[in-house]
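Shared between the two complexes below is chain A, which pairs with chain B and chain C, respectively.
Now for the complex of A and B:
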């Protein structure tokens, strides 16, 4: 708030003569004078009648670029993905999430930037003045197709979606004509914890008939606690859970990427069971997982039993009752039971993240006395 | 963040090893001894400890060297000392091939089975070792020793090679070449039998041909140095040499020898002419990076020098891991002061007062020589708060890699120095703006840096004279690593423009009158060419014109008796092993590439051969176009180039 505006926001102070009224122009300097000896204020100076406004945010400079031949103008600092979405273009993404730092590892969002030797990830590459971007060139389409095939042939992507595990990734496969079976039938999966035991820099090279089978990350589901399960057969290694557990949200760092290359995996220290690890069960990793690899135990059990039915579920948006923060929660209810809890990503309070109480503290409502 | 560590306490040996790197623990909070009197009053925050995260790899090396593996208690102790979450530290430890996170015998032979050593019979060595000791990775001789296969150890001129690592109070790391199975077992048994022997035991063993004992203080005498030099550098002592001028003529452990042979003249010239003039000379020289990317060094230095952000860093990339490359190792082993001096000049020019030299863990002798050279330079005022009495301050720290080819990629190298998994960053921003610790960084390969001595040391106009040799962007002298089926493999220095044929003639051609089948230019990330390419001038432009690449200067010759399919499969396996796993095209693409190659070679195609080849091509293009870094982008080059020329490989 500038000094010039002060008189107008505080008209009474200027008009009402007080024991130590300043000059008529209401100069703030006058009000700061020490009171004359012997004079004691009996009422404080009048307050502003309304909350002062925040100064207007400076408008970022705008950058012009060409996307698929159309000139568009976006604020400086935007990513190519931002610019494309503003144009209504559907750029596929898997490892990107609005509330996390882009890691640009899945490479399905790659676009062609004219003059560049290689394709650029739209999710993290910032726009530059005069940039010429092609979002569906032949090179782009081939890369997206093959990336989707590589993922589809090595990971169970049946539930994968761009933002949540809703199976929408299949749409991308259809769009780019991706056929994961080109790499052969899937090889047999690994035994429990076998993938966690692999050494970097050493692998078994395929020989003879085994070369006709495509290696996968197939392995048994890890169920070591009552709140959530980890099915790493579905993990595309998008790093989102690591980000949510660590720097981007929870600051707990219970999980990290371990191992190298195709044997890289999400792991606690020494592949310890979750209850032994630093995990605090905030469930924010589940909230950001786009593939269904991380899942509420309640949902997992119902899916196993064949009783999971999203069409029979209702969602109730409410506020978490536990503490005074006021986190927005969405209760997913089936058969009058809360089967999972999420938080909307656009909530200014949570940005999609919760704590153990908001995420899992509803069990008692499901245990009623008849 | 609350540090949550589980499991038993580290052993005294583990704690002692880590304390050598990190200093003693201040309190029980830090994993030190409990003292009820002071523990309640310790107020040193995790922020301070986390500021030392870059000491994670040195601390892990200390554990590995001391007990032969990284145990959970040992890792926990490091985590408490550095305030690193155990899950993250575990992720780092399991990223590097030279760290064992499972029980492993103290004495291990890492036997190179990569392309150059394969040509020299490495598979036979491995078969013999399997017969005598059991399969790779299994403990043998009552759990005292073991052997593992290893990617290229950078000793291709002496192939086949192996590196011994013996953990203990006086850990031993030693490269031996050439080897046979009996020799490896003998060395291992000898080392395993005296686990507590001091460094003296190292010298008591038979000295190896060239990459022998790591004890730089061992002073084997000038004659031994000459012999070692001649084994790796057949041209040693020839008068026309620039980069190799001191090799074989000086004792690499003697600063006096170095000074007597034009040592530190370039630094003095640089200090006299000022940083701008140094950059000017380097720019005029046309010097481009020798690591493979051929980026103009002058432009890189000027960009770093102009950055307002402080501090600036200089990084010497000595993580020479490209299969078939060993020129940097030879420079560091036989002329280490030249590397130290040129790094100092780079620091002066770019306004940096701190340099890091990141050397691969497979180069024990080169590391010892470099460390010794840095200590000697510091003791004599060539490093420190006032370099040769000038106001310029410069310090060099050596960091040892731990078995990861990807860390030769400049941004992965930064991550590794910072104590993280060696996962490359997305570019832009480039290192000249956001590099090591997020600061402007000039990162140069060893050979590139050593070129600077000739440019700056020649005084004013040195850059122009440098540019007179060669043409285009290929100016000055160039080191080539000649290996495979040649009479005299080794490092050769020739002016840019020398043809492949001339280089092979220097190396005495293919022995036994056999014909050349193929030549691999640029290493595993390079290209195969046929004998029809012999008259290609070895320049960046000349190799590009025939669709090949100069890469890091690898020239590996395969004669008509070579197992070409085996070499291709080894290259595919190499990239499968060395992909960091971050991005999908490379992580899965390198696996599928290896599978497809195996299908084609073993005749177990899933579809028609034509369709399989198309698929291989599509994977190759996707890796080239969509991978984050150079590893994925080049992982298909050699294989594609060979398959394009059916006369080279009969698949």
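Now for the complex of A and C:
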């Protein structure tokens, strides 16, 4: 065991210069700083003759495939979604985000790959030589329509989008003629924590008159801290928050998916309130949430009060005022108050992610005595 | 190698990048007295005693040399003074280092071999290295390791101080250092200084000035009578608060320019309310990777506050010099004229490229990803990189029977420095100040979480609750500087400053702990140490 109390010695103490041998506050006076011992440089170092660079990235081989009958060539390792977007095709996505690992759970990006038994998620399926992809076949359109109807009947997607190109549920519903109401009127919501208390495998389909209603994930908003709220009535289980909290960015692992089937939900360990969980309030889950389920408390309160007005907001790119990392932040300002902070995904410093100080530490500029 | 840095909490987004490396198979060695949340991610944590960094670094160097792992080709071609270094570290055996640092010899040996044989290796450090009375020597000891192995001037290698404030790098780059002009140009180099004089049309003092600690010492000698403080809160940020207050109150005149009425502003003769540079005005800041980035005005300041530039232009005007209308871009273009390393950084290019890393010599230059690549040219242009033979010199505030416990200070994730900024938002993580103490010491003193103690150093005494923290080893305690209005930690700290950098030894205070009976008087009431101490 280490012991801080052990007296220290120096192996070559005799040769040691002793600027601090005396009492610490009685250091000898000097008119100006003494030059640093040893060589004093006053000439700038020579410049390198070449500009230093990163080693060249290996050039991946090109892969040729057919998308909707057109032959395209993309670098090996690309996904079908990459290839489609390079062609300017608008593939719907909900759970996909450029700075997260695809988890292919929402299934709205599915495409038909000729010869494959099932539809493939474009966001994660890698291209292969000679692949033939149909992005808007009847089978694809039907699948997307049903996915959007199931989601729309059970989840409040009113705030899902427009966030081009990801997550504009209303536009996708229109495009595919999805009608969530065909599953019936929404059933009554759950009480607070009722869904969290359900045991895996104990879900029973409703019987009687209830069976004519569409089951929903409706439940009260979770407000347990001053920084952000969780409205799981709006959660489509896209996993983005779990990814951002986990390996893709923050590596805190405060949240995961609990439960199975229709009872699956995002949860802290044992549904603990956030202040009792591992959460460190980086807010990167809010940054990636496509449906407004996770929201700044400031935005939530303003929406409740009816004062949230995006048309009256400006967004200004600047740099976080805290540590020396220099994170790019976008300040959303309404009525001369910062109401929200985000970070652009294309920043090489942040890749869209911030910490608690960058995300929430702006209040000092909002405090006004005038 | 993460040395004296709790980047997980103090540089969280840098740590995201670091963790990507760890997930890609990079090995991480954490050198820190505390087993911090950063060290928890390390392959190996080397929990050294506070202030024994040079003993550890020199032992690593000796082991690398003795194992035949030094990069002799690089040393011969690109460095100087190696023989003096070799002779110096010869006495720093693994056994000595284990005794002096508390780190097992096997761990030191493993790190030495891993570092020397790595394809690419990097040393990142923070204030655990620089807040010591021998801060510069600590840095030199780490530089020696990079030179010894050739892990410098190459992509993915190097030595990297993680800067603590969003523009501390930019401040130095702009010449806010006692011996430099904008662009790190030496003020004592006649031709560099004369060039600036010709641009500015005025005379610049030919010798370096004082750094911050030098100014405080000059106050004691009656050589410094007036102080203009911009965006700094020395009343709460300087070590040895009682001494600092005495010095500041002894000034003839002090003006404070700040966005807060800080503890320093409260005792100033004149306070100039400024604007928040990151959200209420235009300009640039430079981050830890030397990237110059634009800050922009997002909101109007409170009506009596003025942009820093406006204030400085106005002070100049009242002193009889009219610089015209204050414009951030115009000032920046003057920087580009004065500093060759910033010449190619027009606002337009900064915008288009999302920031540029200096040096950027001209309009075509992309900026430089890393420095010192010249050391890999043959022959090396300019001076070779010198080894510096430095010795271990333990903390000034010695541990004795009267002061048997080591106190070290640092930051927590959700707070920042003296708390004037971060105090503005309510964080669910915040628990206020505490003396964090190891479970072993808590048991020895009969302390439970929340118990109040009196903490006394050779300079003063404070009261604070305790918190048991298993990341601490016996004999080591931890406090922050975030809640100085409640618990003035800097009453305890020592202003033993490094003669070269002027940084005080915030990381090593000798204290004693006395348990207080509940209930207690008002929180954080400062007490002077007894006269006998």
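As a working rule, the second predicted complex is superposed on the first by the 310 of 370 C-alpha atoms of A that agree within 3 Å, B and C clash if a C-alpha of one lies under 4 Å from a C-alpha of the other, contacts with A are read in each partner's own complex, and residues count from 1 in each chain.
Just so we're on the same page, a residue touches a chain if its C-beta (ideal position, glycine included) is under 8 Å from a C-beta of that chain, and two chains touch if they have at least 3 such contacts.
Please read all numbers here as calculations on a predicted model, not as lab measurements.
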First, second, both or neither for A:43, with chain B first and chain C second: second
Partner chain(s) touched by A:171 [first = chain B, second = chain C, both, neither]: neither
Superposed model, chain A: greater residue contact from chain B or chain C: C
Contacts of A:251 with chain B and chain C, given as first, second, both or neither: both
Chain B versus chain C as contact partner of A:353, first or second or both or neither: second
Partner chain in contact with A:184 - chain B first, chain C second, else both or neither: first
Which of chain B and chain C A:211 touches, first, second, both or neither: first
Contacts of A:114 with chain B and chain C, given as first, second, both or neither: neither
On chain A, positions contacted by chain B and by chain C: 251
Chain A residues within the chain B interface of the complex: 104-108, 110, 118-119, 121, 124-126, 139, 142-143, 145-147, 150-151, 153-154, 182-184, 197, 199-203, 205-209, 211-212, 214-215, 236-237, 246, 251-264, 267-270, 272, 276-278
Footprint of chain A on chain C - complex, ascending: 10-14, 16, 19, 23, 41, 47, 49-52, 88, 91-92, 96, 99-100, 102-103, 133, 136, 153, 155, 162-166, 168-169, 178, 184-186, 188-189, 192, 207-211, 214, 217, 220-221, 223, 240, 243, 259-260, 276-280, 285-289, 291, 293-300, 302-304, 354-355, 359, 361, 365-366, 368-374, 377, 381-383, 386, 388, 391-394, 396-399, 404-406, 413-414, 416, 420-429, 473-476, 494-497, 499-500, 502
Residues on chain A engaged by chain C in the complex (per definition of touch): 1-12, 15-16, 19-20, 24-25, 27, 29-34, 36-39, 41-55, 225-227, 247, 249-251, 274-275, 279-282, 314, 316-328, 331, 333, 336-338, 346-351, 353-358, 360-370
Touching residues on chain B, where the partner in the complex is chain A: 1-2, 4, 6-7, 72, 75, 85-91, 94-97, 100-102, 137, 148-149, 151, 403-404, 421, 426, 428, 569, 573, 576-585, 587-592, 594-595, 598-599, 602, 604-607, 611, 615, 618-619, 621-622, 624-628, 633
